[in-house]
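Chain naming follows the written order as A, B, C and D, and within any one chain the residues start at number 1.
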Amino acid sequence: MRVPELMPLPGEQAMAAGQRAEGAVADVLAALGRATGRGIVVDSPPGAGKSALVVRAAADLATAGEPVMVVAQTNEQVDDLTDRLASNDPVLHIGRLSAQDYVTSPRIARHGQVTVSSKLASLTGCPVVLGTAAKWATVGDDVSWPWAIVDEAYQMRSDLLLRIAGRFERALFVGDPGQLDPFSTVETERWTGLTWDPMQSAVAVLLRHNPDIEVRTLPVSWRLPASAARVVAEAFYPFSGFEAGTGPGDRRMEFSARAFGSSPVDEAVEMAASSGWALYELPARHTLRTDGEAVSACAALASRVLRRGAATWSERAPSGAPVTADRIAIGTAHRDQARAIRSALGAMGLEGVAVDTANRLQGREFDVTIVLHPLSGRRDATAFHLEAGRLCVLTSRHRHACIVVARTGIPELLDAHPSTEPVHINVPAKFPDGWEANHAVMAHLAQWRVRAL
Amino acid sequence: MSTLVSLARAQAVDVGRAQPVATVRHVHLSGRPMMFVPLALAGEACAPLAAMVGDHPRAPQLLVVTQPRNRTQRFGFAAELADIVVPYIEGYLGDVEILPGSGRREPRTRCADAPQILMPNRAGVSFARLLGRSTRFRRAEGDYAVPATVPVLGRWLTFLAERAEYPGSCLMLAATDMLTMHWATGQSPVEDLNLAALLGWIDPPDGRTGPEAALAAEDPVRWPPAGPATDPTFDNEVLARLIAAGNQAAASGDDRAERRARVALEQALASQLAPTWRLLWRAADLLRGLPPGGHVAARWDADKDAVTWHAGQLRDGGPPQPRRDSAVTAARRLARLERVQAACAAQRAFDDPLVMAEHRLTGEAFAGEVVAVEPGRLDTSGRRAKLRPRVTVRTWDPVLVDEGAALISPARPRQDARVVSVANAADGQPAQVVLELAGGMGHGRTAPAGTIPEVGDFDCYATFSDGYQPPPAFPELEQTPWTHGGPPVPYQPVPYQPTDEEAQEEWS
Amino acid sequence: MDSTGIRLDRIRGPVTPRNHSARTIAALSGNPGCARRAVLDAAGVDKQGLAAHVGFPAMAGQSQFAITRGNAFEAQVKANGCAELLTLLREHLSLPIREASYDNLDEVGGNTSREVRHAWTRRLLARAAQSGDDAGTLFDHPLLCLRVGGRPAYLEPDLIAFQLSGRFHVTEIKSFSVIDGQADGDKVAAAVIQSAVYVLAMRDLLAEMGIGPESVADQVVLVCPENFSNRPSAALLDVRKQMTVLRRQLSRLRRIDSLVDVLPPGLTFDLELDRAGVPRRLPAAVAGAVRSVDARYAPECLANCEMCFFCRDEAAGTTSALGRATRDDLGGIEHVATVLHLARGAGQPADDQAEVAQLLRTAARLRAECLGEAV
Amino acid sequence: MPESIEQLDQRAEELRAQVRQALLRGDREGARALRGELRRAERAWHDAIELDEPGPRAGNQAPRGPLLPLREQVHQALTLLTVPAGPRLISSVHEALFVGAIPAARLTSVRRDEERSFRTAPFARPYYLCAALTADLLAPARGLLAVSTWPMERRVIGPLSPRADYLTAAVQIAKNVQRIPMPSTDAMRLLWRFAVNIPGATVEAAQVDPAAVARAAQSELEVHANADTKTRRSAAIRARRQLDEAQQLFGSRLGTVLSAEA
């Protein structure tokens, strides 16, 4: 585990980590230059500068005269990369391959150097072309690109890679192995054990057929605070691990308004502000997914953070910045839970807080996150609720503080969970195991418990 | 599973009898299905022991293997089975229907009807799959040759078992699946796998409650398991002795003893099969009692297409189905499965209000009374005015659609309904949804009657539809990219290589 | 013996305790939430006999055909100094040719007592581990021992292979088929968790001699017939996950006292067997005793526990009896009666049930509407 | 009056059901009792049938017996193999390379019979079918038969011996198959079964060449030979020193004592 045992002085850590991170990125770019083998996989823990790497790699290859196709999973992600790439190099000609019904977003429109088209033909001459995997899958493979950069490759399904892999010779795959695996609505064991099982992730299929491809890891998370890096690394990245880019003292969060009296909600937000974590624990009860108390607790916590004028100080905002609604996210396991929380916020007249499921919060970043624990109020855990990636996404979106809302009794639930999942031959065992990861996280949260009245 | 179905289970417990979870039949039932009840020898991968098979309730044919571990007899069984099943299937390939071409599509022919094989449970279906796997590569010439019909049977069984993976396909069905799709019992899904118990809940004998009948059905002596697995006490107390007796008789060369042993074995195995055979027909009769759902025929047409295609493969001497899917085949199949599953789920909801109710409960759909209609409303925002009638629906259902969402009404699947506004239910008042309709109204200035709902109608709107999605494009087999292991080696028929054990299976 | 031990003996009654086997240890992870099972296993109660006596016998045994097949396959693979197994280990796991020595630990000079065999096993394995090369490669039916809840459980892996990349590899021989690279996921799971028990026991045994855990691989070799033949095939399976689960469940078993302390004093499942071994105690009394320990019934128990039919009968009328998913759909409400009561909208629901009640009422309304019944 | 065949048949049927029901009740005692009754009913039924169908049986020829007494056959097989072997191997060797199969089941009692006859009249016979001894405890090795006239070195079994003997057996069988002009399928199958478990013995899975098998077996044998003979020789010395005549042939039972100090 690359987690420093001694906590250095504020700032120091950032410098040391900065060098390590830069070194890792430089290595990757060098490896691309050497172009050994058919490609390279870069594992990127939460907020380790994945997009930055993609942008630099694309620019490097383009300037080296190697046309490159960039593949991301959603239009949101593609626009994001396009914007960064354009801002990074104002003269670079960039193609934005889009679907017919795509509406150019303002952040793309403002870059004159970006050509948007649904036809590859009208993007010839652009050394870099970006598009969603789904779109790339529809363009004819008459053109073959020397290089592709595939972003969020761990969320891409093997069968989608199959459809685009013919378009490029070599590729840089970037992604976060700790997040949610791609899934299918179809339940079948027909393909289990096959190296090309279409239900696995693009990276999994790639590595099973090309074991010689080297896998590198970005060692530093710039998003997660020192308070979160270790627990997240230990629970969800047991083998590679990573460290925080900032030291314990480098970030802080404070409230301008003091609490009137003391309520558990205030206690929770204050504890989160000072320690980076809080477990807001509701009395044990078996509930529906849309547990009314849990839902309103999530809403109350969010509103309290805002109403008390939270502000953060960090390497990004040395002189402090207010925590606005758009810097807060509330994460859930299920859509109906998110919907319920949204309407609860609406009833409180709160706008702009991002409320969504783990799947949709992947790859996003906030100052404060409030998590409705997937196992809260359940009597039995299911594979879905235990999935390590789900909890990992929910507990690794924040720069400052994470507040977990849950009913009492999750460790007991985990202990009572029957471990009877089928095991298959020729299927590599998946790590970390969700059951274990959940135990680890709960063990950590136990020390930041606040009991609701 | 859904809360609605779970409530039905609770009600079944209360009433002591299974409760309907469908108002129409969602499976096609052939006028002449073939029932297939196999038994296998415990501990073996796929050693047929016996089977009851046939297409008439009073004329079951009994197949028995006197030496289940004897490979020759195994393929003898396959041959006998082939002589029953293959003619049954081929009987459907004869008469064809001609489909008129549409647009770019050529007119084509396909078989007018298709075979249907019904099995007691999923375990039976996977037995069929394994039997197909163990026979389709066998060859009619060379060492260890088998009758020419055996590989043909193998390829048909493989085809049927593969089709059974597609939601909505009805060429090969498990009775337990068919029944649980239409009724909820007061027991757990695990227990529903027992056909006798399941039918006990759905249709208990007179003077018995569902739970009583189900409990009685768990006594393996009175209700032998529906197979392919046999009851251990039957194996140990009855079967073992009879097989041994057969061996002795054979060794002694005493024909009469041999005949006696065989008869005894046949009787014993028939006693294990007959009850299930009857249950299978009863299951079919129960389902016939329900009217077919609107899309059932369309799905059956897809099955007929599949059969026609596979028959072509066999006719043109194509290779047997490979052992496992190649990368491309797998991806293609997954895409197809996902599309078929979504479409089938939507169709079932559109065909059946009780299924739609499951979606209404989760907010994926809502239904209620139409309280206001503007049939002649025009949208004049664009260059030329467009007919965009609006309807207002009052509903007690949980409404979770957002403004601007596009909905479909099962009553008018070709018409788009866009949500204009939602007034949530509050203090005793139902929710009100205003929708704007587009399409399916002809080109007149106002919508002709019947193309849009009228005030007082009960109308339903869903967030999903069974609309056609074009299949995604995949590379050709020989274009399989390096990320997926490159192109697979093309199939070459190799002479069958049995191992020593396969050639003469001898257990001490 | 500690007070808990005495308590457990009392609960079992004056009969020799059922010792754990790899299968029963593996079963600890099957339904760890069930206090009843935990207590019965900890006390070493004969669940089969108990269930039969209270009138809910478990389904009887295994088919002799399955048993024969299993034994025959193992015998075949091990015949002639494990000729077939050696071929597999050489081809798939690159066992060096010179590593071919074979020790049969089934008996020690005609002696088959567990203690003697265990002692002999210790001796040979220790020698192999310490002197490394040419000190044994294949150990047939070694007898391991793991302390479970204070009592020794003797465990007998099919085989342990040494010098497989320099480590001990637990090898399980199962007679279910691997067809085109696929086998029944549940059967593999059972084999894997059993093997995990062996790995734990192996590591304990070597630890006593100061040999580190790394000398026992956390991958096990599973040998099964291939396709429809009896030709053996081998696969390596990772058991790390199963080992974590087992470790946790075993440590919970050590904390059994917390369970035992809350049991009614004087509780016992003693069947009061007479000399002929016939139970004399009234079934009703025994059943009463069993009921005083909470069970956590789920339909999955039907495949995994001798007490299942008793517990199912007891669970009649609860949503648990309908399966985990159903109970979940019904908001975790315990009794079917309550569910229907709320669905009918009869009376004011307790505020912790208000939401479920709302949902159930709507569900009931929708069903009635669609089935043309009066609401 | 005696029951009719039908009645007897029916009663047996009912009893079978009752046995199963008893087992399902978990009542093993009851099941045992009922089984007894069932067997009686079945016998009665059988007798009734016999009465019912008198006269000579069609196609009933005397089951063809072995041409040699059993021990002779075993001796033949072992002499061919030149190494200790188990019943299954012995019977398949005899079936493949001599006339007639030996039912493996019948071999289980051979060793006991031989030991009895030796103890009653030592060395009365030219040879005895005796035990192979484990090198460590000099106890009878499970399920192995050997010939008393063999040198002790050949009859003790060290850890490497099972493999070494397997290879030796392969060589022997290969040589014998080579001698036969038209080897039977049984013979080829036996050889093939050895070949697949010896590296480099099979050219291609299809057919096997005896010479190739012998060569391959020989070359692996050389890998193990030294270590194996070393163990065997020292064990043999111990055996001759420590064991009386009977024990030298049928093994000692001192296992308990020896392992106690383990």
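We take it that contacts are C-beta pairs under 8 Å (C-beta built on N, C-alpha and C of every residue); 3 or more make two chains touch, one makes a residue touch a chain.
From a predicted model like this one, the values you see are computed outputs, not experimental measurements.
The chain occupying the central position, as judged from C-alpha centroids, is C. Between subunit A and subunit C, the centres computed from C-alpha atoms are 38 Å apart. With centres taken as mean Cα positions, subunit D sits 35 Å from subunit C.
Per-chain Cα centroids separate subunit B from subunit D by 51 Å.
In subunit B, 233, 324, 508 are the positions where the chain touches two or more neighbouring chains simultaneously. Touching of two or more other chains is recorded for residues 23-24, 88 of subunit D. Residue positions 59-61, 181, 300, 359 of subunit C each touch two or more of the other chains.
Per the contact rule defined earlier, chains pair up in contact as A-B, A-C, B-C, B-D, C-D. Residue ranges of subunit B in contact with subunit C, taken from their complex: 1-11, 13-14, 20, 23, 41-46, 130, 133-134, 186-191, 230, 232-233, 235-236, 239-240, 323-324, 353-354, 357, 360-361, 396-398, 498-499, 501-502, 505, 507-508. Remark: subunit C residues 59-70, 72, 75-76, 175-177, 179-181, 225, 227-231, 299-300, 302-303, 317, 319, 321-323, 325-326, 329-330, 336-337, 339-340, 343, 359-360, 362-367, 369-371 touch subunit B in the complex. Here subunit C touches subunit D in the complex through residues 48-49, 51-52, 57-61, 79-84, 86-87, 90, 97-98, 100-104, 106-111, 116, 119-120, 122-123, 134, 136-137, 278, going by the rule given at the top. The part of subunit A that touches subunit C in the complex is made up of residues 189, 192-194, 285-288, 290-292, 377-380, 382, 415-426, 428-429, 431, 433, 435-436. Note for the complex: subunit B touches subunit A at residues 165, 324-328, 330-331, 333-335, 337-338, 341-342, 362-363, 400, 472-475, 479-486.
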